[in-house]
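Right after this note come the structures.
After this come two complexes, each holding subunit A, first together with subunit B and then together with subunit C.
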Partner chain A sequence: MHLDPFELHRPSSLEEALRLATAHAGGFDYLAGGTDLLPNYKMHLNLRPHLIALDAVAELRGRGLERLGAMERLADLERDTELARAYPGFADALAEVATPLVRASGTLGGNLLVETRCFFFNQSHFWRESLGYCLKAEGDRCHVVPQKERCYATFSGDLAPVLMALDAEAELAGPGGRRRVPLGAIYDAAGDGIRRHRLGPGEIVVAVHLPAAARARASAYLKLRVRPSFDFPELGAAAAAELDGGRVRSLAVAVGGLETYPRRFDELTAPLVGEHLSDDRLRAFSEAVMRAVRPVHNTFLAPDYRRKMTRVYVRRAVEKVRERSGAAA
Partner chain B sequence: MSGLRALVRLTLNGHPVEVSCPDERVLLDLVREELHLTGTKRGCDLGTCGCCTVLLDGRPTLSCLTLARLADGRSLTTIEGLSPGTGLSPVQRAFVEHGATQCGFCTPGFIVAATALLGEHPHPTREEVVRGLSGNLCRCTGYAKIIEAVLAAAEGR
Partner chain C sequence: MGSALPPDGFTLLGGRIPYIEGPLKVTGRAEYTDDLQRPGMLVGRLLRSPWAHARIRSIDVSAARSLPGVYAVLTGERYPTPFGVLPITHDETAIAVGKVRYIGDILAAVAAQDEPTAERAIALIRVEVEPLAEHTDPKVGVTPVTDPIHDRGLNGSNVQKEVAQHFGDVDAAFARAAQTVRVRGSFAGVTHAFTEPMATIAEATPDGRLTVWSATQVPHYLHRALSEVLGLPMHRIRVIKPEVGGGFGGKSDPLPHEIACAALALETGRPVKVLFDREDVFLTNHGRHPTQNDLRVAADADGRLLAYDLSAVIDGGAWSSFGTVTTYYNGVLAMGPYRVPNFRYHGRRVYTNRPPSGAMRAHGGTNVRYTVEVALDELAEKVGIDPFELRRRNALPPHSTTVNQFRITSTSFLACLDAVRAASGWDAAFRQLPYGEGIGLGCGFYISGSNSPIHFTPKMPQSTVHLKVDMDGGIAVHSMQADIGQGSNTLLAAIVAEVVGVALERVHVIRVDSDVSPIDLGSYSSRVTFMMGNAARRAAEDLRTRLVRGASELLGYPPEQIRVGRERFEVAHRPDVSVTYLEALHRAMERTGALTAAGAYSSPPMGGSFKGARAGTAPAYSFAAYVARVRVDAETGEYRVGKMWAAFDCGRPLNRLAVEGQIEGSIHMGLGQLMGETLNYRGARLMNPSLLDYKIPMPAQMPEVECLLVGEDDPEGPFGAKEAGEGPLVATLPAVANALYDAVGVRFTDLPITPEKVVKGIELRQREGRPWKGE
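And now, the complex of A and B:
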């Protein structure tokens, strides 16, 4: 498979990258590790005439307990033992992304903004053409939910749920300036599989920041996939909590791989604060998360199965957090 | 738009090379079609199978998903560069002695990835080998012997 021609730009600073983005507005993609974008380009999915590679931008690098540069390679984050000790759930998630070879090139920012996926989108041009294309690429209808003018492609990153559960913030830089927002706010809950994030035109995720409170929490991430290697999540469940002798001081749960954006369930965890995290409460909570999510039939496993497994994986993720906190049931 | 090219200078298996390269060319095509080193294989071409693994500045890298221009100024080692002047590298020898090749198509990718793995974990457990090579596929399903060979290479057997 050969890539169609494009012009490759390789800025060495953030300012230069943003200037290029403004100059080629609407006609470019940023290139991070390339492990998601280039396979999509090979499948002729939404090609742009310009690629702006971010590998030479030093400001996007660097890692410590408080700040993780967006261009940090997943493999480097994975082998950082200090990070793994501070955020065990983040380490769980890193080890579950694709394969070691993909993680050797793939980046933190790339995984946060990984293209949404669908059985009808991630196919060869020939395959898609024979079906008349779809909303997300070249077509005007959705094959998953045909009567809707909405794209149901699934958010398929592994790192966002656990970082959201840890209250991470995203540092963003765009042609209009810089801002810092809760990580979950870069995803568009009111959008769809096409309008999937709330970044401005040309805006770059510079880094992820983790607050001191994140280091007081135990965390865990569990991933459901068909093969134990390579596959994108059919469901990813993340939990982070600070427990005081089994009593909840803070608890956050987020899932990915089910809808068009990674989703946190603050309205369901809030009533548990101050309570003892008993098995009964945990079962009721996991059941409520299951009832809240709406997967559709656009990945390998059936949506009903993914929903039922949401209940199981959320419960297990919180149990693991409880175990890692040394708290009793 | 087509035909945008740039000069790429890199160290290939210890030797400096300079080659003119279109913007959209991936490293795999540069290696196979311009530099005529065909040991590196094109498998899935989408990053799933690991057949095209090379070392870029010592890191295992999927050459099918790496733009050649981004390798400018870096050191590239292909399967051809892993052998010493004469004979085989320890990993190559172990693959031969343990019958870890069947059709042989995935072998270069496995050997490059295993060499990188042993560079980082000189004495891996079986589990570390299995996980470490989980990005390489063998369609003959000869995994047991491949894992044995890598463990043997680690032990100097």
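And now, the complex of A and C:
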């Protein structure tokens, strides 16, 4: 298995990167850590003739409690004790991404925009050809849920759920200018699932911003997978809350690894605000999250098990938040 | 850690001997096949079938052939002679002839100047086929089917091999049984997942010879297959085995790509390399057979075994490979470590349109061992005795014969039981740990070398070792034994050094090369230590005799009064009178020049005279008793094995470091099959041909392992040794399964035991109103 040739560009500023993106519109990928993109390229998945490497763009670096540059390496974020103290759930999630070796290259932005995954997509060219390809690459039908409209590949990043639960915002820069949106808004919940995000052509995630309120919250992230390292999430459950003597001041819960995009459950957490976070309420809430998710059979563990575990993992994530807040059940 | 010095007056054997090739491997200097370069070498590539089962109508290679940079394109009819590792089941061809039988079957082979050109050529080959009925369920394949996969299937079915054996009277035993248990074990296919993907280089030279370098466990069988298929006499073919990065049975068949690579070399006159990627490895498979076992056990009121009644349906995939052996082994390897007076077995191995199954570490013994040991755990509970006591009551005694006429010589099985019971704190833990925690016992038994060489004609020793020493004093050791990482080179050197009394560094194990290495049948069936070890010992003793004669002449004492010291030869009753090793050597060389010596091993005749009686006969057997501790999250079904105590009888361990490594590696591999490894098929399609989706346990999942080596010297093993390469695997799986039962009260008989199955099992037990351990 070899990489087909491509032209590598290495801009040293955001402006230059965006210029290259405009020049090669439709024919390039941004290259961050490469730990996801390059294996996919080896499998001949959606190859582009140009790669625009972002590692020399200084504006994409830097980390503090309020701003995390998108090109920060996961291993550097993981080693940052100040970050871990402020956002324990973020630290949970960082430690669960792939392996130490992958985290040494992998970046924050790369994990947020990691390609969605599916048994029928993450395969060699020979394998996919033998099945007539799929909706997400070179084909026109989905083999998971047989139809021709929507792709069901699974969102497999670990960092998005917890950052969404912390009300993080994404700072974006594109040929058309800059904008800042809630992190969850970069994912296309209403789309066809083939594209994993709603960024405009050439648009780059520059940084993630965390509001002051995030630092008042305790947080946690729990990940279901077959092996305790290496594996992508079969389910990731994140919770963040500010508790006042066991009473909910704010609560946010988000999951990944279940559907095409990471998802936050504000409609289910809203009724809990102001309430005492009792075990009974927590059980009912976790049950409701379970009922809301629709995993499909395109990862290792069966979808009904992943759904069932959603209830357990969400409950445990919130319990951990409660523990970290020092609040009683 | 053992003591620093080996016991019983040995200087090396019995101690901890680091692998002699270790420094080369850890510095990246060891040469594997892919590290080798030949001038003008071409890239070989294979076109694989995207169809599971189809008749080939036409293959148009004209566009591929005319692509600049392409040197050859071959299809099956060029070398259509069938081959296979067993002479009785030659059903493979180097490249498909007439039909393809699984997704991944080889349709054509290309040699080109570089990888991109080879891939472009592959893409230009046009194949037309007529699809045939796909067969993926071996249970259906036992009956006559439309479009059977091979024309050799029994009565128009896909049955490749059927075994029916009956010893004693099983029905009568069940009629008088006080207790019976039944276990239906279901085992998904697993594969070896060795580190080094297969690689082969072949080169045909103008002197009419063909040289093949290949990552193989069985250079001799490859040598034979190349000769048969390519139509060249064996003496014109030279097979070289570079370093091999693991095999576990996956490199123990001569494989189609090896022959196709050689064919490309003959066709082009240029060296050709075929290097596999991981998907190629998965599609080549030859891993452990998916198996359905149905075992009934009869016992008396005290738990003494009366009979086993076993049937099995085994998924062979597209080829026979070792399947005839597998079909026998899956029955007869139930015949230890217990005395079973009556035994009936009906086994069927069925072709399916999937990558072939074959031999994998503890071949044929793993799934049936699991079935037996889980059944015995259940039996102990029914009888109301401790699982250890049940095993003690039924242990095969030393120097006994099983009902199917296996010759049992040494066994320290009882010592294994006692050692592991004490070390694991069993008596204070069994059924006494809190709900969710468990402890379990699993035992094992495995052949120490197959008594039957695969080829019977001409009749020759199973292992031969040659030594050559010149005046520099270095001892060159030649043998075709195949070190694939298990440490056989180190053992070979250590045996020679020990017997001759020289430093290990004087002994040079020469790379396997059929031009110079005398035949040893290779690394399979845990035969190397036992067979090569005996051959090496005899060769070294032969050499020592010549050296002693030289010393005797120099010292003026008769040879029988000379004894071997460290790099010296001394007069036994006057150690101050001695000559150095080199002095003795040079004296011995005066008449003949460089000394040569040889040793060989043939196993003694054994086994019954009924059909299939040879299967499972071995010159010795290893024994094992393992205890596992587990902790289960009863809500999610996730579990972790915290510790394994591994009591093992390999006779005298000759290299403790290697034996412990084999035990730890076996436990890792066994846990993989138990916890999550599975060749995940949808129909004929393998869904997880990568090391990301094929779930080998991570280091973080490894339990602490405590090795307890309790064997006594085997009467026929070299220095008393028996095998330690495969037997250490089989006890792992049932030990954990029985610990899971102790933890949550559920018998798991469907492997792998994934967390979802644990949750379902607990829920089912709860629905049936059977609370467990105060849950």
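Odds and ends about this structure:
Quick note on the criterion: the second predicted complex is superposed on the first by the 327 of 329 C-alpha atoms of A that agree within 3 Å, B and C clash if a C-alpha of one lies under 4 Å from a C-alpha of the other, contacts with A are read in each partner's own complex, and residues count from 1 in each chain.
Methods note: a residue touches a chain if its C-beta (ideal position, glycine included) is under 8 Å from a C-beta of that chain, and two chains touch if they have at least 3 such contacts.
Note that the structure is predicted; figures quoted are calculated from it, not measured.
In the superposition on chain A, A:1 makes contact with both subunit B and subunit C. When both complexes are overlaid on chain A, the residue A:10 reaches subunit B alone and has no touch with subunit C. In the superposition on chain A, A:126 makes contact with subunit C only, not with subunit B. When the two structures are aligned on the shared chain, A:302 is found in touch with subunit C, with no touch to subunit B.
Once the two complexes are laid over each other on the shared chain, residue contacts for A:156 go to neither subunit B nor subunit C.
Contacts of A:229 after superposition on the shared chain: both subunit B and subunit C are touched.
Contact with subunit B, but none with subunit C, is seen for A:104 once the two complexes are overlaid on the shared chain. Touching of subunit A by both subunit B and subunit C, each in its own complex, is seen for residues 1-2, 4, 228-230. Put simply, subunit A touches subunit C in their complex at residues 1-2, 4, 119, 122-124, 126-127, 129-131, 224, 226-232, 300-302, 305, 308-309, 312-313. Against subunit A, the residues of subunit C that register as touching in their complex are 48, 50-51, 103, 115-116, 277, 279, 635-636, 676, 680, 685, 687-690, 692-693, 695, 697-698, 700-701, 754-756, 759.
Listing the residues of subunit A that touch subunit B in their complex gives 1-8, 10, 31, 34-35, 38-39, 42-43, 49, 51, 53, 55, 75, 79, 98-102, 104-105, 228-230. Listing the residues of subunit B that touch subunit A in their complex gives 1-4, 6, 22-26, 29, 45-48, 50, 53, 59-62, 65-67, 69-70, 113, 120, 131-136.
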